[in-house]
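Have a look at this one.
Each chain gets a letter, A, B and C, in the order it is written, and its residues are counted from 1.
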Amino acid sequence: MKKEFTDKHVLMVNNLTVKFYTYAGVVHAVSKVSFEVYKNEIVALVGETGSGKTVTTRAITRLIESPGRIEEGEILFRRRNNKIVDLMKISDEEIRRIRGDEIAYIFQDPTSALDPLYTIGEHIDETIKDHRFIDKKIIKKISIDLLRKVGIPNPEIRIKNYPHEMSGGMRQRSVISISLSNEPVLLIADEPTTNLDVTIQAQILDLLKELVKERGMSMILITHNLGIVAEVADRVYIMYAGKIVESGDVYKIFSRPLHPYTQMLLRAVPNPLKKIIKLETIPGTIPSLIDPPSGCRFHPRCPFTKDICIKQEPPMIEAEKNHYVACWLYK
Amino acid sequence: MSLIKTEDLKIYFRVRGSFTKKVRAVDGVSLNVNEKETLGIVGESGSGKTTLGKAILGLIKPYKGRVLYMNKDIWRMNRSEYKEFRRNAQMVFQDPHTSLNPRMTIAQILEEPIKEYNLNVGDIGEYLEKQLVNVGLGPEFLYRYPHELSGGQKQRVAILRAIILRPKLVVLDEPTSSLDVSVQAQILDLLKDLQKTNDLTYIFISHDISVVKYMSNRIAVMYLGKIVEIADSEELFEKPLHPYTQSLISSIPIPDPYIARKRHKIRLVGEPPSPINPPSGCRFHPRCPFTKDICIKQEPPMIEAEKNHYVACWLYYKK
Amino acid sequence: MIRDLIYVLLEKTIDLYIKIRTRFDKEYTIKNSSRIREWKLIAYAYSRSSIGVLGGLIVFITVILAVIGPLVAPQPYWVYPIMENPETRYLPPCIPPICSGGPLLGTDEWGRDLLSIILYGFRISFVISIVIVLLGAPIGIILGLISGYKGGSVDETIMRLTDIFISFPGLILAIAFASVLPQRIREILEANIYLRDFFSYSFGLRPQEYGQLAALLSVWFAMVIVWWPGYARVVRGSVLSVREQPFIEAAKLLGLSTWKIMTRHILPNIISPVLVMMTFDLATATLAAAALSFLGLGPQEPVPELGYVISKAGNFFPEKSLHVVAIVGSVLLFIALGWNLLGDSLRDILDPKTRRSIEYRFERRRR
C-alpha cells in the first residue's frame, strides 16, 4: 500500500527495517515500519522498552552504528528548499549537512547532551557555524533571542553559563534552543521530559507546542507516557516489538482504541481524574526481539488470539478515516 | 491508632566545603500515619520526600524534631524496643537493579532477614518457595542471581524481602518509576493485594501524582522541605487548595485529549529554588500566581481549611 | 584445541567437587545451580584467554617446583665444593648433547650446582612472596573497609596513617629493620625450637641456618609493613562507591551489624579488583624481596635466595658469572611473568563488561 508523497508531507518512511547483529543473535529491532509526518504537526511515537521507537528515529538520519544495520527502507524527506530526497540514498556528506540543520534532535537526558566544558553560547555557536557562514555578532544575537524564546530569563547572562550551573529544566531548554538554532524543518524529540519534574515538564511541552505552531516546524515526539501524547500530539503511532500496531488521529485513538495492546496500555495508566478500583495489567512480558513471536507479535499476550494470529502477520488496514490498525480482529 | 508520627522534623545536611551552609532537605514536617492506611507523599525533585521517607525509617538522624513509632521516640529507644521497630519498618527502593546484592542468590537475600530474626518457618527452602508465589514468582527464581531477573521480577523480590518479616510499616520510594508501564500496573496491584492480606501500612512516595492517587488514602504534598497540603486523595484532586497543588495537578498529562486540551491550566513561572537558600516567608511565593505581601514576610501555618483537609497558605487563613 | 582441553579439565574438576558436595547435601546442586554456572563460566572464560592459560601454566610450574624443589635438588646448598676443589668455581653450563659430564647449569662462586640452588630458590622466593601478600593484603583490606564504611574521623585517621606508610621508603625501613630485627628474631628462634624448625622447613632450609632465617624474616616483616597501604586505598575507594547503593541501606534496615554488612555485603562486591591486585602483587613481592636480598639486607650464605645469588655473581660479571646472572635472572623473570599474565587474564575475566559476550558464547557452546 504505497502512499504518495504529497505537498503536505515533510517525511515519509516506507518499510524501514533495522537489525542488530549481536553475539547473542540477530535482533529485529525495527521490522517494516512505515509512517509519515506532515507539515506543521506533532506526531507521537509511542511504545515501551524494546518497541523500536528510538531506533526508528535514529535511523531516519542514518545514526545507526555497528552492530546495527539498516537493512531496507525508503525515507523521503522534503528539504528546506522544497526538494524531496531519499535519506537512505544520499551521500554521507549530505546527510551530515542535514543533521543538526534541517533535522534536529532533542534527547532524553539534557545533562549528557551537553558538553560540560563549554558554555551554552559556545554550543549554539558551534551548531550554527557547522552549517552556515554567519558573522559572530549576528550569531550572538541569534543565540540570545533563542534562549529568550525558550523561556530562559536573563539570556544575555545565561549564554555564558556552563551546563552544571543550570537546573535540569534550564538545561533541557538550552538543548532545545541548540536544536532550534538552525531553524530545522523537522524536530525529533526522544523522551524530552522524562527526567524532569512534572511542573517543568508541563512548561517544556507548552513550549514545544508553541514553537511548532509559530515556526511551521514538524515534530516527532517519542514517549511512553500516554498523558503527554494526549496533551501534545496531533497523530499517534503505537509501536510494539518493532512494528507499528495502530496509528491515527489522537482523538480517535483515545476514544476508540482498536488494537488490544493500545486498549490495555490505556487501561494500565492511572487516570487521576477518574476513580479507578483496579488497574488493568497486561499479562506476560515484552518479547525478545531475537526470536520474535510468529505471526502477530502481540499474540502471546493478547486475550483475543485466534489461530490466524499465530500463523500470519496482520496487515495494516484503514479501520475508519484517519485510523489504522494491524490486527486480525478488524478484517 | 497512630503508627508513625513526626514532630516538627528537620533534616539538614551540611554543604560540602562550608561549615555554615546547610541544605534544608526537610524543614519542619509534622505527619501522622495511622495503621493500615496508605499515606502518599508527593513532591518534585528537591522537595525532600525521599529524605523524609528515610528519616521516618531511622536511616537518617534528624537535626531537630522527633520521629515516633507507636508513640516512642525512635532515637531514644532501648535495645529491644529498637529491634522491634527495626523489624517493623521496611523499605522498597526505587531502582530494583541496585537494591539487591548482586553477589547473593535470591534465596540468600530472602534468608537473611529470616535468620537475623530467628523466625521459625520450618524448612526454609519450602517456606521461601511459598512466599515467592505470593509475589507472583515461581520457585525456579530461588537460586538465581539478581542479574538473571528482569526489572519487574527484581522489584517483586525486593517487595518480598521488605514484607517477609511481616512488618507493620513499609515505605515505598518510587517503587515503579524505573519500570515499564505494563509492569508498573502489575507491581501496583501486587502492592495493593499484599497490603490487604498482611495488614500493612504504606507510605508511598512518588513524583507521579496519578500513581500516588491510585495507591493512597491520604496524600501529603511537599514543596522544598515542607508539607503544603494534606487531604484525602479524592478530596485533594477535587478541591486542591494550595496553588502549588493546583499547578501540580494541572500539570499532569491527562491521557484524554479532549480534557487535556480544554482544561484550565495553571502554569508555574520560573524554576524551583535552592534548598540551601529557601525564599523568605512562604517558600512558594516567588512562583505563586497569588502572592500577597504577607506571603513574602511570614511563613503560613498549617490550618484545617476544611474537614480533614489541611493547607499551609495565607489564602485560607481566617482569623 | 588446548583451550577446549583446559576447559574440559576444569569442568571435570568442578563436577567432581559437586559430586562430593552432593554426597553430603542432596540439594547442593539445586541450591547452587547459578553459582555452579558462574564457576563454569569463569572456567570457560579462563580457557579462552591465552595469556591466562600461559600464566597459569607458569604459575603451576612455579608452585610445583616450590613444593618439591628442596626435596629433589641433586646437591645440598650448604656444602661448598670449592673448599675441596677450587676448580669447581663458576663452571659454565654443560648441556648435553654439546657437553657431558658437567653440572647442567654450571656452578656458582662456591662451586654449588646452580640447578640445585635454583630449586631451593624457588621455594624461598615463592614462600616469601605468598606470605607478604597474604598478610599485607588482609590488613589493608580490613583497614580500607573500616575506613571507607565508617567515614568521618575514623576514615581520616586511617587514611593519614596510610599516607604516612605509603610515603615511607620501603628501602630505608628495610635497612633499619635489617640492623635491629635479625638480632631479636634470632633470640626468639633460639628460645622457641618449634618456631625455628617450622620456619626453617617452610623455606626449605636447615634449622642450623636460623641466623640467616632471622634476616629473611626481618626483610619479610619490613615488606609487610609497607605492603598493606596500597590495598587500604584501593579498598576504601571501592567501598565508597558501594556503600551508597540501596542494597546496603536495605541491609541496614534489617538491623544487621556493621561487621556483617561489611563482610557479607560490601566485601564480596569489591573483592574482584583486590584479587587482581593480589595476583600482580605476588610478582612484585617476589622481585622486591629479591631486590632487598640483592642489596644484602636479606639472608646471606649459605641461604640461596635468588637475589642474593645474583648479587654475589655481580662481582665477576660478565667474564666468569654470566651464566649465573642470566639463568637466575631468567628464573625470577619466569616467576614474575607467570603471576603477571595470570593477573592480566583475571582482570579481563572478572570485568563485568566483557561478561555478556563470554556468557553468550558459553551458552551456545553448551547447546
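By definition in this document, a contact is a pair of C-beta atoms (placed from the backbone, for glycine too) under 8 Å apart; a residue touches a chain by one contact, two chains touch by 3 or more.
Quick caveat, the model's predicted, so the values are computed rather than measured.
With chains reduced to the mean position of their C-alpha atoms, the one farthest from chain C is A. Of all chains shown, the one whose average CA position lies nearest the global CA mean is B. By number of C-beta pairs in contact, A-B leads when A-C and A-B are compared.
Separating the CA-averaged centres of chain B and chain C is a span of 51 Å. The distance from the centre of chain A to the centre of chain C, with each centre set as the mean of the Cα atoms, comes to 57 Å.
Measuring from the averaged C-alpha position of chain A to that of chain B gives a distance of 33 Å. Residues of chain C that touch chain B in their complex: 27, 30-35, 38, 245-247, 249-256, 264-265, 268-269.
The residues of chain B lying in touch with chain C in their complex are 54, 57, 59, 83, 86-87, 89-91, 93-95, 98-105, 107, 112-113, 116, 125, 143-145, 148, 158, 161.
Taken in their complex, chain A has these residues touching chain B: 48-49, 153, 167-170, 197-203, 205-206, 224-231, 250-251, 254-255, 264-266, 268-273, 275-276, 278-282, 285-286. The residues of chain B lying in touch with chain A in their complex are 44-45, 150, 152, 180-186, 188-189, 192, 207-211, 213-214, 234, 237, 247-261, 265, 267-268, 270-272. Only residues 356-357, 360-361 of chain C touch chain A when the two sit together in their complex.
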